[in-house]
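The structures come next, written out as structure tokens.
Both of the next two complexes hold chain A, though its partner changes from chain B to chain C.
After this line comes the complex of A and B, so read on.
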């Protein structure tokens, strides 16, 4: 075999592998997008079409306010529930992200740069909870939240999210600070700056990419949470999309078009994050998983 | 007679600042994780069921139930199957994908973004997307299999337990594989190129290079990826719940715990069960956490 044929075969194999990988990763999402754009009667036809023959926005319209008819009855729009759940998802995920990143940003720095009693034991204990399944504490937490009157409140859900995602955020920020040269901070201390001032003015700006990675990971975890809100968000007061969408399955009728359309809306924020901030995300995952 | 005032250990400024900055961590984790954990452990030795009066001490009865009741044992076995299938799919597929991404130079950024995407989506939405593919009447899977002549008539995939377990594992692996890919890709990129050139000069074949250079050098990354896959598979809930509900065919131990606690209101049994799941997860990760901690301690 000559060199060029070998290289050609090599490239062909790589391209084939890349195509398979793309199909595996994006195929299911594409298929959901197709379903969300297919007219209701075509969805339940026997013929398989790999793209929507007569694309329609009907399912999205139903999500965003239009009424429809099904078997002769007028079906109420799901917009009131959908909009509330969308807002709930956004509010709880953003609040959890802000609080988690803020606590982790200063906490992890203290774990790395300051010596205080119980530091190592505390850090190990907190990181060990990464392996604790969320629902282990669900029942006592449920009673605690009832006692505190925080069931079905933004404060309650946000606090639980923070306690669930803080360990990973601390782990991540610790590795960011460990990789930072101490000399910069020492120079500031010698100039007479206090340690806290140094943290705010020198360390945090330099930790920007790490903070972004940390925020993305926390946001995605909170955005996708299912079991926590299933227990702690029983009503639309705080119920997020992840809990609302499966409820579109009514007793005798499953609206697949509507569910897929709602699913596509729910995955838009993660898709945008991956498209624009994937570099930070991958760095964060690498640091969080291996360091 | 004089009393000595109790003397607190004198803390310097750094220590006080450190404690102050770590205080939010202590408060949140203490109140919402460690406190509930301790109370879970304590309550698991009592009978706490809102439908029954009183909460007598029952010793290890809940743990005995959690390890002997046939339904619960079946759920443990189901979780075991999920772990096995998920780890095999994620590690095999993840290694192949990581090797491919490591080789590819053109458009790697975009390919990586596509590969990472499933991990970023809400698990519930993933399960809905796949549930539509597996739909018995109108799903893509039946459509493709029939179009290619491999099967005849519509298959109701979740009627068969083995098929159901495989499909749920595939959906779980679809979401979790990106993590394995990224961990292994990071490991691959840290291998010095000179090693491969030296091996090539010595006449090693591609397979020998993989066996004798790549695999040993990514072993630490592989260990981390394996422990992550295992812990996440032990805790599999969303996919099985959305795709097949509480069906005993595909009921994982986490679903069993949810059912015991929130459907049958056997709270203390639920706590005993979830503590056992925690012990299983911790045992898997302990090796890994201790190891990493040992590596980072002497800096």
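After this line comes the complex of A and C, so read on.
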């Protein structure tokens, strides 16, 4: 086998692997998009098409529109519910992200730079909670939330999200700070900065990529949560999209088109956020700090 | 400007003691080099003076004030770090003006001070650049500029030249020394390179394993090392230190080799002679070492010869380019009055 054929085969194998991965991750999204554009009767026909023969915006119209008709009956608009749930999703995910990143940014620094008894044991204990499956604490947590009067409140859901996602964020930020040369902070102290000012003006700007990674991770995790809001967000006061969309299943009719249209819309905020934050994931920010 | 006093300084990490009572003084305006092999505690000592490291016992005084419990920023010091520690997200101007800004200086004053320091260091064209756009030598200068811009009482340097290439290091050596003269400030300079210490410092403090071995002017250390460690550490190439038995005005280095001694010492000794204090003599000359050259290195200014005499290894340095080839037998005679004698047991100087 010549070098050229070898290289060709290598490339072919690599491309094939990439294609399989892409199909695996984008396939369901594509199918959801197709379903959201397919007319209701075609959705339940025997021969499905990779692209609808007669694409329709009907499902989106139903989602965003006023009243609509389905099987000859007038159906109430879902937009009030959908928009409320969309807002709930955005509010809880953003709140969880902001609180988690803020605590992780300061807390992880303390775990790296401050010396206090039991520091490492405490950190291990925090990270170890990652190993506790969420559903095992669901019932005690529910009682706790009732006692605190936090069921179906933004505060309650946000608190649960923060407690669930903070350990990972702390872990990530800790390794970011560990990789940062201590001499930078020492130089700032000698220059006359307090420890907090140094954290604010020297450390955090340089930890930007780490903070952005934390924010993206936390936001996506919160956005995709189903079980927690299913239990703790019983009403539309805080119910997010993940819980609302499955409710489009009614007793005698599953509105696949509407569900998929709602799903496609629900994908957009996280995509926009990742695209926006991605600009701050600049590599090489640390270059030039030393040597 | 200020003098610095170190008294009985000790440092322990838990039960591990790494510094065992170090005391010395740095006079106002003096340039002192702390030198020693890695792990000797010189950087730790500097960081204790800076306030970045806690003091286990003893005192550090700056300008007559004990600063053990004083925050680094209140000590009126500036430090240049080994890795420069420039703030990567700030321009050169912001890096240099950071300390003045923190003190609430007026914008115009900061700009003026930074401008003056940049002029001194030749950084004026680079003020708006980021650290990553600078070469190693320029970053080094920015780190110095950050230190001088606020005119501290004491400058601390933690191996600032070790990341530079050889030519630049020699240049920066002279620049730092010139800057010191110009500012008249007190400077403490940590290095593991005894050449840096010898060339830059008014006084050298040699440390080993958390202890002060000897402090003195560079040439005093070179001419009169108080112990075998300093003798071997100061000077390049290093002094020949040969184990022998002294007695009756002679030192017996091996069965076949006995050299005359100006000292009346007796017992086990280390006989020290610098490579440049050995002269080439005809083989068999009385009081000489007969040896076989097995390494001959010439740098143009000097010729380094490594040779063996039986079990002994002796290094010699000649500046007059003698005709020596590898394998030649040569006679080497210590120049009179230039040998050193240390007790083999205590390693201390005895003659």
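Keep in mind that, in the parts below, the second predicted complex is superposed on the first by the 268 of 291 C-alpha atoms of A that agree within 3 Å, B and C clash if a C-alpha of one lies under 4 Å from a C-alpha of the other, contacts with A are read in each partner's own complex, and residues count from 1 in each chain.
Convention: contacts are C-beta pairs under 8 Å (C-beta built on N, C-alpha and C of every residue); 3 or more make two chains touch, one makes a residue touch a chain.
These numbers come from a predicted model, not from an experiment.
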item	value
Contact breadth on chain A, by residue count: chain C or chain B	B
Contacts of A:183 with chain B and chain C, given as first, second, both or neither	second
Which superposed partner A:205 touches (first chain B, second chain C, both, neither)	second
Which superposed partner A:61 touches (first chain B, second chain C, both, neither)	neither
Partner chain(s) touched by A:191 [first = chain B, second = chain C, both, neither]	second
Which of chain B and chain C A:260 touches, first, second, both or neither	first
First (chain B), second (chain C), both or neither touched by A:87	neither
Partner chain in contact with A:98 - chain B first, chain C second, else both or neither	neither
Chain C-contacting residues of chain A that also contact chain B	285-286, 289-291
Complex interface listing, chain B residues touching chain A	9, 11, 13-19, 21-22, 24-26, 28-29, 31-37, 39-40, 43, 93, 96-97, 100, 103-104, 107, 109, 111-118, 120-126, 128-130, 132-133, 135, 137-138, 140, 143-144, 147, 174, 179, 182-183, 186-187, 221, 224-225, 228, 231, 234-235, 237-238, 242, 254, 257-258, 261-262, 267, 270-271, 274-275, 277-278, 281-282, 284-286, 289, 292-293, 296, 299
Contacting residues of chain A [partner chain B, same complex]	14, 17-18, 21-22, 24-26, 28-29, 31-32, 35, 43-45, 48, 103, 106-107, 109-111, 114-117, 119, 122, 124-141, 144, 159-160, 162-163, 166-167, 170, 178, 195-196, 220, 223-227, 231, 241-243, 245-246, 256, 259-260, 263, 266-267, 270-271, 273-275, 278-279, 281-282, 285-286, 289-291
Complex contact set, residues of chain C against chain A	50-52, 71-73, 77-79, 81-89, 98-99, 102-103, 130-134, 136, 139, 146, 163
Interface residues, chain A side, partner chain C - complex	181, 183-184, 186-193, 197, 202, 205-206, 284-291
